[in-house]
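To keep things simple, chains are lettered A, B, C and D as they appear, and every chain counts its residues starting from 1.
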Amino acid sequence: MSSMFGNKLKISIFGESHGAAIGVILDGLPSGIELDLNYINEQMLRRVPGNSNLSTTRNEKDLYNILSGYFNGKTTGTPLCAIIYNEDKKSKDYDILKHNMRPGHSDYPGFIKYLGFNDYRGGGHFSGRITAPLLFAGAIAMQILEKNKNIYIGSRIKNISKIQDEEISNININSIKNLKNMKFPVISEDKSIKMQSEILKAKEDGDSVGGIVETFIINTDAGLGQPFFDSVESKLSHMIFSIPSVKGIEFGEGFNITKMRGSESNDSYYVQNNNISTTSNNNGGIIGGITNGMPIIFRTAIKPTPSISISQNTVNISSMENTNLQISGRHDPCIVPRALPVIEGAAAIVILDLILEREGELCKMK
Amino acid sequence: MSSMFGNKLKISIFGESHGAAIGVILDGLPSGIELDLNYINEQMLRRVPGNSNLSTTRNEKDLYNILSGYFNGKTTGTPLCAIIYNEDKKSKDYDILKHNMRPGHSDYPGFIKYLGFNDYRGGGHFSGRITAPLLFAGAIAMQILEKNKNIYIGSRIKNISKIQDEEISNININSIKNLKNMKFPVISEDKSIKMQSEILKAKEDGDSVGGIVETFIINTDAGLGQPFFDSVESKLSHMIFSIPSVKGIEFGEGFNITKMRGSESNDSYYVQNNNISTTSNNNGGIIGGITNGMPIIFRTAIKPTPSISISQNTVNISSMENTNLQISGRHDPCIVPRALPVIEGAAAIVILDLILEREGELCKMK
Amino acid sequence: MSSMFGNKLKISIFGESHGAAIGVILDGLPSGIELDLNYINEQMLRRVPGNSNLSTTRNEKDLYNILSGYFNGKTTGTPLCAIIYNEDKKSKDYDILKHNMRPGHSDYPGFIKYLGFNDYRGGGHFSGRITAPLLFAGAIAMQILEKNKNIYIGSRIKNISKIQDEEISNININSIKNLKNMKFPVISEDKSIKMQSEILKAKEDGDSVGGIVETFIINTDAGLGQPFFDSVESKLSHMIFSIPSVKGIEFGEGFNITKMRGSESNDSYYVQNNNISTTSNNNGGIIGGITNGMPIIFRTAIKPTPSISISQNTVNISSMENTNLQISGRHDPCIVPRALPVIEGAAAIVILDLILEREGELCKMK
Amino acid sequence: MSSMFGNKLKISIFGESHGAAIGVILDGLPSGIELDLNYINEQMLRRVPGNSNLSTTRNEKDLYNILSGYFNGKTTGTPLCAIIYNEDKKSKDYDILKHNMRPGHSDYPGFIKYLGFNDYRGGGHFSGRITAPLLFAGAIAMQILEKNKNIYIGSRIKNISKIQDEEISNININSIKNLKNMKFPVISEDKSIKMQSEILKAKEDGDSVGGIVETFIINTDAGLGQPFFDSVESKLSHMIFSIPSVKGIEFGEGFNITKMRGSESNDSYYVQNNNISTTSNNNGGIIGGITNGMPIIFRTAIKPTPSISISQNTVNISSMENTNLQISGRHDPCIVPRALPVIEGAAAIVILDLILEREGELCKMK
């Protein structure tokens, strides 16, 4: 599917970091849905660089233009395309990178894949910047889920490097709203400060750090997902691994569940007020690939930003000689806080697609 | 896509644990490929239950019948369908499970999804048994990769419960072949014994344990994978999460990479004999979603088998009352050793699909 | 998509004329639908050869085995696979055809496509026999449409060679049922006799004739179909051209509409009892690619059976020399009557898929 | 797939006639292909209205902006997006059409499908204007076919209303180039004048006429196309029926082949200079759904433009009352000459997709 994703809600994404514009098509949105453009702006602002000393000083406003599929303030049901022009481009910064492959970046595999014809400036189509239109699409999906299905998606930073946030006791609509209002969503204030200080230390060293984002999706119905190959985990992981720098994903107790015994890891059912729940949620709301109505919980591992200003060994692919490279330019010492809203939006696209598959295009919307 | 997967090599899977037969269609195989049926048998035997005291005593021979797409010992290029009849069925064992939802199993979400009409016997279409035709397909993909592309895929058990195998120093064709010849592929003999004893202890307790499988894919070309949505990680994780009981996947250093700094996690390039490699492989052979020619390494978290004989709390979905349930029947105290060859086969399908996308149906084969 | 078709209802087909078995998977059927197996048998009998002197004397019973997705007389919602074993195979008949390419058959393009490795016996995967599992799938779709949506699909033979049936005045459920009960569905008895005599004359001459099938689909809701690329005409034509020997398709007045003026071809709307209809139906129930609620009408052009016993010029692809070929064996002098139920079934699959896309998997079924 | 089409070359289209912009994404183009922008302009000019008294006086320049996937004059291999701003919009012309459904137009089925939320101005997403980005994509595909594969696609107007062009004797690269240079591509000058006069007569009467376009594709290799469902006819017809106003398609002798006998319709093979051809081409270059290397020939039936200025009976969907409607505004008395280059471009997209499926993304390009 390459640059297209989804079954009933199809996303098609395009653009390069330093090209004319980047953008996205959403095909399969139900018609007649009033869009809250402020909501979209707010979500996109969470990703925009330059709004904190923790991120790059590049100034991308990410102003989007809706070109189609939107009429009289509502979705028409036809493909909705939005584009974002690339404005603050400093392409000269990247000239040295034409042949010197940045370690940890897609430069080398991209060069091989496209036989050297890809746009190498700023990572081109592999740039994290391409997550801006993804987040635009996600912000639309997310508001539809909230308004029409009472489904909420929120995340917190679980780790920055080795610093870990405290355990979360309970997750509900309010706690998700609180997380969404935080610039640096961490439960423990103490840990939040330590994490931010860790990022600034890396920045001072011309280095970078990574972290783990934990995401919660609440109020999905039981019964979403398709065996054999379209399990909810399959679809979410497919989408989440599209986001640059992601190296791992786990659901519920994830890798930790491998250390439990079955008698401990199995989530027991109980019925109360004619409603079935589980006492624990080690499976993270998904069993047999299908939602069981409990909160969907997953964690995403994000590697340290590959762009660092420390000198690195690499090769010049034109001369086929060893060389070293010092990357200048403006870069994020840690991409985790900016990746977080993208992960939420990406998850929202998947969940809305699953619902539309189940309920059809006549799906009840407010 | 639900029961269908792939772009150029498409897999379509069907069947229920206690139905007449299970099977698979492979569509998009190149024509003229001689199949080694012994090779397929060997791979399928690795998954078959009843061949060790570590697994269920069910006796499934998994004899497959190829119905189409195979003529004069070679693939025809048209859809190859194979079926496996279900023989050793003891459906009575499952009658009590019609309304009593087994914790950790797909019974409840499956009931909701299919409005109560799914075949509940033995997990039906959600059964681990459905991985037999998946492995059949994988064994075909794997032998094509080996014979025609010199690509080898092997795995070891990295953890059973809290017992962890030692670090692996180097991986090459020989070490992969060695792993494939081991019934219980663990590097350290000492750890192997401890892991097997851990499984037997769980079995004695009527309980179960999980573990982690580590998989290596060597000799893939650089340049496989498609941005934005069809990264190699996206496609592999999509496939691997289709396998029942999988709760996490990570590539290269995975979750551990989040604790490194960029200067440490970036894999430096160097050139030697006109060949580009990296000094480390923290990214597990995939950068920007595209292969870089280094070994692809990923780890899969497998939960403890949900079928345990210890009594569990659950609900009766017909009476909507709380109840408890003791599962009888024959079950695996640990599914990890049997899941391992399935993971390898599933990965082989993805890699062959990626190659066929890149090289087309005229792809050079021996 | 090759051997797979559909968005929500996905069909995957396999098999060769002289292989072990042919079959089909239907993925995406709603769960809990009671299947009338007699209905399926009746539909399949309409296609079976040997039941009239107008067709080949081969004796194919087309007995199907349902392997999965069907439990306690109802669909489970998981993939339903059915296979038909190939029994009355006389493969020796075809040995001479290994290198002598039959004119009008897929032998030559198939040889090139599959590099000579395809199963050449009886056309292999290109055989009209592969329409048996397609009709099986169609018979399931058709009965779901009839019972749950009151949608009926019927056809008549409009032409055999130059002999044309009379105009049809009105089409309703009764007239469709009447057509379905006729062995040789032609309105005018006189024309029916002439057509059958035309077929027998061709048979006597060792030659063959073609014809046109006209198909009616009544009671579909307005609003089915997806712009831009999934117009109802696009999906129906895609499917119908999969059927061997089809060379043309037209909707409503079709090619004839090109001779009208707009003032004549436009179907005027009127409202009666709060219901919108059109006075004429020149567009065949589809405007802008979307159904308008009027009967869907299309005509399918079917070429003369390419298998004739008259000697023909052709090439030997092994020696690359000109040669001539006299095809022996049992063949249909006219495939039109047997293609007719296949066209209906194929159309039913498309219409049900469109409905499931619109209404989702929770689509209301009886 | 709705607004997306293709397997290896994927097209995603968006926009409404009176929205901000319309556009297209091409995903899967090989990298490193130099694009001739003049060639694209020339092709798009053939479709542009207002360049002849036979078409509407609307002045659409169809200037496109390439936003991505194009770097240093060459394709990058990543998604290429182009947009065309809508400039000469006179939306007031369309206000009366909000509730009065134009006969022959998609207004009514579109209203039902989108529950009344579609952009009704100028047909919205159903507008013929959406064929401009389709032609843009087609012009890229066409030039790649010409330069890299020596494949040429050309068309002539076979009929306008009842006036029919003379038979074509031979088709080769030169005759295709000649057709492409003609503003009104008809073989017989006499018939050309009569056809144009027929269009002008309809225009004077405030009425419209339709016609038939005949398309030739030469120099494709044998072996393209995928059984069972992705026959070349299936893919071409799927695409061509996406173009507004198309009501029929036939390949080779098409509907006429139904009047032949098999001994006449079968195309005999012969070998000359080690090259296999057929003496006739009644199958239009496609047998068994696969190309045989002969010219692909198909005819497309295009209905009279539904927009006429003569008063028509229709309904007001808001009041649910019968009414009549006189459409003002600027409209084409015959859409055939403008549809012709779109058909060629659409066919080019399909052929290039089939080649990329066969040869892969490493497909040899100049």
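Definition applied: a contact is a pair of C-beta atoms (placed from the backbone, for glycine too) under 8 Å apart; a residue touches a chain by one contact, two chains touch by 3 or more.
Predicted model, so just to flag it, every value in this text is computed and none were measured.
Across B-C and A-B, it is A-B that has more C-beta pairs touching. Averaging Cα atoms per chain gives one point for each, and the point farthest from that of subunit D is the centre of B.
Here the spacing of subunit A and subunit C, counted between their Cα centres, is 46 Å. The distance from the centre of subunit A to the centre of subunit B, each centre being the mean of the chain's C-alpha atoms, comes to 26 Å. One simple way to say how far apart two chains are is to compare their mean CA positions; for subunit B and subunit C this gives 39 Å. Those residues of subunit D in touch with two or more other chains are numbered 1-4, 7, 13, 78, 113, 125, 227. Listing the residues of subunit B that touch subunit C in their complex gives 1-4, 10, 12-16, 19-23, 25, 27-28, 31-32, 65-71, 74-81, 83, 113-119, 124-125.
By the touch criterion stated above, subunit C contacts subunit D in their complex at residues 1-5, 7, 11, 13, 101, 103-106, 108-110, 112-113, 123, 125-126, 130, 134, 159, 161-162, 202, 205, 207-212, 221-231, 233-235, 237-239, 241-242, 244, 246-255, 257-271, 274, 276, 278-279, 282-284, 286-293, 299, 301-308, 310, 312-315, 317, 320-322.
Against subunit C, in their complex, subunit A makes its touches with residues 7-8, 78, 227, 356-363.
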